[in-house]
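Each in structure tokens, the structures are laid out below.
Look for chain A in each of the two complexes below; its partner is chain B in the first and chain C in the second.
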Partner chain A sequence: MATITATAPRSGLPGFLKHPATGKLLLLAVAAAVLVPLANARWASGSWPHALTVDLTEPLGKASDWVIDNRDSHPLFLYFFGYVSNAVVLSVRAVYLVLLAAGWAGVTAAAALVAWRVAGVRLALGTGAAFLACGLLGMWIPTMQTLALMVVAVLASVVIGVLLGLAAGLSDRTYRALRPVLDTMQVFPAYAYLLPVVLVFGMGVPAAVLATVVYAAPPMARLTALGLRGADAGVMEAVESLGTTARQRLLTARIPLARKELLLGLNQTIMMALSMAVIASVIGAAGLGDRVYQALASVDVGAALAAGIPIVLLAVVLDRVTGAAGTVDDELGGDTGSRWTGWAYAAVVAVAVAVAGRLTDRLDWPEAWLVNIAEPVNRAVDWMTDHLYSGVPYVGGTADWAGHFTTWVLDPMRDGLQWLPWWSALLIVAALAWLIGTWRTALTAVLAMAAIGVLGVWGPSLDTLSQVLAAVAVTLVLGFATGIAAARSERCERVLRPFLDVFQTMPQFVYLIPVVALFGVGRAPAVAAAVVYALPAVVRITTQGLRQVDPAAMESSRSMGATGWQQLRQVQLPLARPALLLALNQGVVLVLAVVIIGGLVGGGALGYDVVFGLAQGDLATGLVAGAAIVCLGLMLDRVTQPTDRRTKKGA
Partner chain B sequence: MSTSTDVQDAAVEPTGAGHTSAGGSGAEPVFAVDGLWKVFGPKADRVPADPELAALSPAELRSRTGCTAAVRDVSFDVRKGEVFVVMGLSGSGKSTLVRCLTRLIEPTAGSIVIDGEDVRAMDKARLRELRRHRAAMVFQHFGLLPHRTVLDNVAYGLEVQGVGRRERRERAQEVVTKVGLEGMEHRRPGQLSGGQQQRVGLARALAVDPEVLLFDEPFSALDPLIRRDMQEEVVRLHHEEGRTMVFITHDLNEALRLGDRIALMRDGRVVQLGTPEEIVGSPADDYVREFVRDVPREQVMTVRRAMRAASAQEAGEGPALAPQATVSEAIEAVARTGQTARVVDRGRCLGVVDSDALLGVVAGTGGQFADEAAGSDTDAATGSESGAGSAESAPDQGDGTASSAREGVA
Partner chain C sequence: MRTRMKGVLAVGCSLLVLTTAGCGAADMTKQASPFANAQGAKTVTLSVQSWVGAQANVAVAQYLLEHELGYRVDTVQVDEVPAWDALSQGRVDAILEDWGHPEQEQRYVKDKKTIVNGGGLGVTGHIGWFVPTYFAKQHPDVTNWKNLNKYADQLRTPESGGKGQLLDGSPSYVTNDKALVKNLDLDLQVVFAGSEAAQITQMRQFAKEKKPFLTYWYSPQWLFKKVPMTEVKLPAYKEGCDADPEKVACAYPHTPLQKYLNTDFAKSDGKAADFLKKFKWTTEDQNEVSLMIADQKLTPEEAARKWAEGHESTWKAWLRK
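Up next, the complex of A and B:
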């Protein structure tokens, strides 16, 4: 190739050589040609060379032992973490007791009335029904446990998030420092947050709450900062021209102008807190998540579903109500007076219902009203196991599919990845990241990948990676196809929308329940859960991207007589490229999160290491796996990060 | 009305130097801007300080220093009760200039004095005081708070000042009525049309009862018809209250309709400052000439420009016109009667206009003396008092406005 470029006159370069991508690849190839023989000679090919790993197990084990030994004596724990931990325990306990004292009737009434004030009658009815369903399923106590944990975690997340957001929103320097951190934190799977918290606080409620806060606060901070910074410059100037003080500007203009972002931040924080509060059951949070976790551990799908349904209902209700908070209020506009009286009525009614419940001694959900769905569900699952798992004529069974998927897709992919010489894996990562993004993203990605090798979890990480890649491939094929269909047909989109809405709000954890019912345990169910979880986001971004293509460009291509297929291929898809890349990026991040959680249902690899570490008290293994998850997340995000997102940051 | 005679003298036999702008009007300036600079870019301070850099063209300045001079050595006075229009194309620095007046943009060099007080020397508290009570601004994109009702938006300036809820609402209500928004008090800005939103912006500025109203291209974002409505609204308000106004626009017709005096800006400099009649009748350079080429001159120029001394016979007959009547009115009178028309001020005949002279004005060839007079900006200053009358070429209300302003001055 080099000789061709040397002999050919400059102007006569073939087109593909002038393409910037070619330049990047050539440069990489040259670097590889120099470095690879060196590396090869020194450490040999194949899996990550042992000489290059750093065994962190021992120091981490020591650190963990030290923490356990000193938890009751060291001043750091006595005077800082101890207080934090106690405060968390006390506040969760207090909220829990208040919820119990209000009784099921009181809580349901209060929730419905809040929903009524915030979002209108329909959602109030839905909220009431959802809470009653939680009771009917026999999950009232776990629901209240989860709710108590969520209330504390959400309050803390909002306070921390708003404070950080204010700092970043008002100071450019803080913003520049904070933004990459927050961006990156959003990429990490929830699991990565569990272990460091456990290391410090041990298993239990404080760790669960803090992990939840760490996971849920970033969106609040991000959106607060974004909202404050995005205030209309014209309005701010007008406000300044009237002689406002800095405080007046913040309170009367900047914060109200950011209302939409603040409410969106609250919505996201609540949803992420719910998601994490459920996952945190693996580190000792009681509640709905714990029920699902226990049930999944014994492959009791019925019990898992009984606990999973309340989670879904909570998620949908919380999402709709907080989501509606932004819009409804705008339309009502009007008078603050009537709004306050409305709230007063709501409070009075809620208290009255709670007191009535107390007087009639009906605090606990009545036994007689329980609906046991576990048994019928398990019977149905047994029936499915007998009849659908395998041997269905022509189509085969679900377990057969899972098996085939494992044998024909996952296994070859894993073996292929693990067979790759380690340096070629790095090269591929570098090439992909550089082609899609910039040299910076490429460098981060390569370093993250290398860090995985250094941590000594090259093998399991590639196993996880193979599951991620398989899931992403399936997700993209399904997602793009559905997205294109939805973008081209209004009807299709109308049908899809409610499903997307519900699926996007559900916590990652609950996706494991149906896949276990359908496919049993193993890697294939983990991949299936990941696909289902990531699909809605991919479909939605694809649809939006295609829809937003400049109608003038579409019209002009139509006017030139392009067929539908030509329009799609030559106009829509190229113009929607940024959206498609974003869909890819989101798909990868979401898939990774669930593939890791799949460790709970036999996904193995890194996710299993984390769970194993937690279960066995072997924090070192878990922490190393957690760090590898972080690196993997970072690598996957950077590899798929379009240049646009980088450049937008400057603006 | 002594000023009119004054002007008439000046027009007929240019008196040359002797009038300073302040002396000509006999009123103390509200704003006195002198040698104002605003330079954006690294180490902006050195540009005004260094005469060599200050003399560079914008492109050279940018390549030499990386700086952009938005306002370059601008000086003018805004007199009490007048509508002072700053006009120029986009990028000419006019919006920066008006923001410098209340230091929404910090000027680089020069002085700004409001009622004898140095604006650039004000501390933060004093500056807030200035913005709260003395100068209120109306913006091109309204700058309304979307989460507040119309009434609360209008009351916002008072709220900022710490006026109690009840009182500020009462005062806001009055202003809302004054700008013709009754019945919309409880709407949100998002529910209003562009013209209505700008009425809210205007009301917000009026509610604090400022000494000076600053307008930054307030009507550029509006439809032509609504723009005309709003211009008339401003004319009416000025007529009723006689408030001093500084009005930024890129629309020449708007400038001519509203302005008592116009400062025409180009590349950060004021290229000509004068009454609409002077700008149209005696452009200072080719740029201005090109600019005003398509202006319907007969609606801007007054008969004074087309006037010649009357013979004894002419002084006694023919239709009578006020000196501030526009040429188009004179054409109508001359065409209707077939006689020369007399220019009469308080029963005294100042001169006559005939069809040749009027045609000359329309064609842009007439009014030679005007071109001669253009050399001395003193006439620009004095002329403004009378020229103002014709500036509002819309004959229906323009005159009234200008004369009320003039009375305020005299």
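Up next, the complex of A and C:
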């Protein structure tokens, strides 16, 4: 944050008065001068006034009871949700049976061949190796379960996303109505989707698939709409003059022109579906996520990692292959004829391998081919916790740091935020959001913040907010430093890249235990987990932003004799300001997304309430806390949102 | 355009109907997991709760079902209360260790009759407050709740805000600790670790340094073998003293742990259901398996095999008709 204020344009006093920010602030101050005394006289209290809260416990509790009592009798469930659930179960099952029937050899061959056709030989080898690694780690069946769930969820997301995207891409009115909704859904933490679907469908695969679809469909819809709307006006005009029908124009011009966006949408949908499929293990999704979750129970980091690695591998492979689909496809196999033969070859080989596997009765992964990584990993973790936890000479152990961080940073921040009178919190939010955005963003932010108060979770929300702010600050300091280092040295970036990949896709459950072993139970480990999760994206965006600074500007500053440090501070950072702001925004959104993970290691507040709601089937507590997290997310996003939002989420 | 939409709708509907095999109601409370019964194997789905004792039950049941009765066993980790709902819907077939959920029992066993009691597990569970034995030896009077305030200072952590820390675990567990602290007027702050994994990790870290701590814990639990702990006496438990959750001021009861089966499963699947009903062992047995899983880091399957090899007479009785 310090970097941003430092790079803000410094203006003299007369200019300062003309600055639009001053006008906004003055206007806000006037509004505050009128409203605050009124509000304060009516509801004088430091924390959110009780008179302005709505207690949802009873209606929500009743709704949940009603659903459970009527799930097997009410027509709404029998004739609608029942079919939805049934369709999900049957399709997941169908995919799963096909995968099992193909056997490990068949699946690996098919995956590698698809990767070969889509992305070339190198990625094909990588894909094959990744699938074999899943088998070697003893995770073949869970991997197939996750894959089956993913295939269904991704197909459904793509269909829904494309339909919504078509509607929004072809009609302005739909676009205007849909866009804010889709924008907002992008900042929702994944966990917020779990409780509502559990309420309707109960624990299990249908709920998991539906939560995944709701989470993964928006990027597809957004990017489809963007792609269709971005079609070159000249080309469209030319096509129209050929006397084509609306349908022909769509199929032959608009959709092909939007190909890049469509593929990017597919890529994002797949990545989001995978991360959700893992998180959904909390509501009974089975598969790899469930293995990670079960390993947690016996405090077995090694076993959790054995299930976490296949997730990382799947994520990296899927990301690279779908990412390459857009670029490599044109170079490969020239004309359409030879392209089809290539696919035909691939299909024949895949089927042949599957049949061979079947005939030799080698469908299940052979038990002799297992590698046990759990033990060495656990030994390493034990060593780390034995030697770093406390009593390290000079610097103190990690437990001491965590204690100091809690007492000197988290406690004052929490107490400070909770001490603020409620109206001043709203004012600060309004001022920040208005300064960086428009009056609309400011209004959304203030309303979101007020909604938290109305829900009656003001105190815990500010506790969570203090943790989020602390985590964002740490993330930015570390992320900017690492990003600057990576931007200045190619080698540094190459070394970093695999780490970034791994930490971005590793299920957060895996690092819960190491984090507690190092920092004890409490808010400090919650902050640490959030930093680990958010750091890769911040590093990536910072590096990219700094790299994209105009080389001419760099060159001219060098010719003027600027030292490396001066160059960085006075040229690169100011020019990369939009990227740094985006990094801040992403950091905030990502940190908030793992607040619930923080609840699992003693972070308390909203995260704990959601976990409690899921664990106890107490939907009132869980849903209210989930809604408050969503509101916090909205508020923080609007407060940190650069005015022209990028189309792409994440790095 | 309109007619085409209708066509699409019709195709969609017929697809839906086809996939659901005929018209009529689709009762989602009767839908099994999509991963069950794959490749023609008979499958039993067991719910595993998040603690190791429950894993031990499931591991042994799974081992015997697979190796002696030829079933394929799927396990799903679900928290306690949602597990009841999943059991009622048939998404899982059995819960092997339940610590007493009167509200759910009333709803599913007595009213809806979708769940039946599968008999006792043979293990008695007990929840309480514990301090490490090394601390109790230095200060023998800490084991009575009346003296806890004296030690609040020593129990302080950065998270407990000036008071002594009472470490609580997973949100899914039955706990009255907040009310107890208030009603017994103790200078303690309940700190929720949020998950059992976090709680155990923290306790082991404390124990390594021989630091004093006070924690919510329960037996049977394998950790007692690694970190010996002594129970702190709370005011004695009397029937009904925990009826009002706000006013609880007494200890936790001793609960004979129960098994529960899905009603349809219990009726239809003779062999497996019969076996699960007869499944009954002792606290020592369970601890033996738990320790192998949690401490020696054996996979649950290996641990179950080892136990089964040494206790043939015990499990043979479960298989007898």
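The criterion applied here is as follows: the second predicted complex is superposed on the first by the 532 of 651 C-alpha atoms of A that agree within 3 Å, B and C clash if a C-alpha of one lies under 4 Å from a C-alpha of the other, contacts with A are read in each partner's own complex, and residues count from 1 in each chain.
Throughout what follows, contacts are C-beta pairs under 8 Å (C-beta built on N, C-alpha and C of every residue); 3 or more make two chains touch, one makes a residue touch a chain.
Everything numeric here is computed off the predicted structure, so don't read it as measured data.
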>> Let's test your reading of the overlay: on chain A, do chain B and chain C clash or fit side by side?
In response: fit
> A:77 contacts which: chain B (first), chain C (second), both, neither?
Replying inline: second
> When the two structures are overlaid on chain A, which partner does A:259 contact: first (chain B), second (chain C), both, or neither?
Replying inline: first
> So, does A:191 touch the first partner chain B, the second partner chain C, both, or neither?
Replying inline: neither
> By residue count, is chain A touched more by chain B or by chain C?
Replying inline: C
> Touching A:533 in the superposition: chain B (first), chain C (second), both, neither?
Replying inline: neither
>> Output check: A:511 vs chain B and chain C. Expected answer is one of first, second, both, neither. What do you get?
In response: neither
> chain B and chain C, closest CA-CA distance after overlay, in Å?
Replying inline: 17
> Taking the complex as given, what residues does chain B use to touch chain A?
Replying inline: 102, 104, 127-133, 136-137, 139-149, 156-157, 159-161, 186-188, 201, 204, 208, 214
> Which part of chain A faces chain C closely enough to touch in the complex?
Replying inline: 68, 71-72, 75, 77-79, 81-83, 85-93, 96-97, 100, 145, 148, 198, 201-206, 281, 283-284, 286, 290, 293-294, 296-300, 302-303, 374-375, 378, 385-386, 389-390, 399, 402-403, 406-407, 411, 512-513, 516-517, 520-525, 598-604, 607-608, 611-612, 614-618
> Which bits of chain A are touching chain B when the two form their complex?
Replying inline: 232, 234-245, 248, 252-253, 256-257, 259, 330, 333-334
>> For the complex, give me every residue of chain C touching chain A.
In response: 16, 19-20, 25-35, 38-39, 48-52, 55, 74-86, 89, 91, 107, 157-159, 161, 167, 170-172, 191-202, 205, 208-209, 293-294, 297, 299
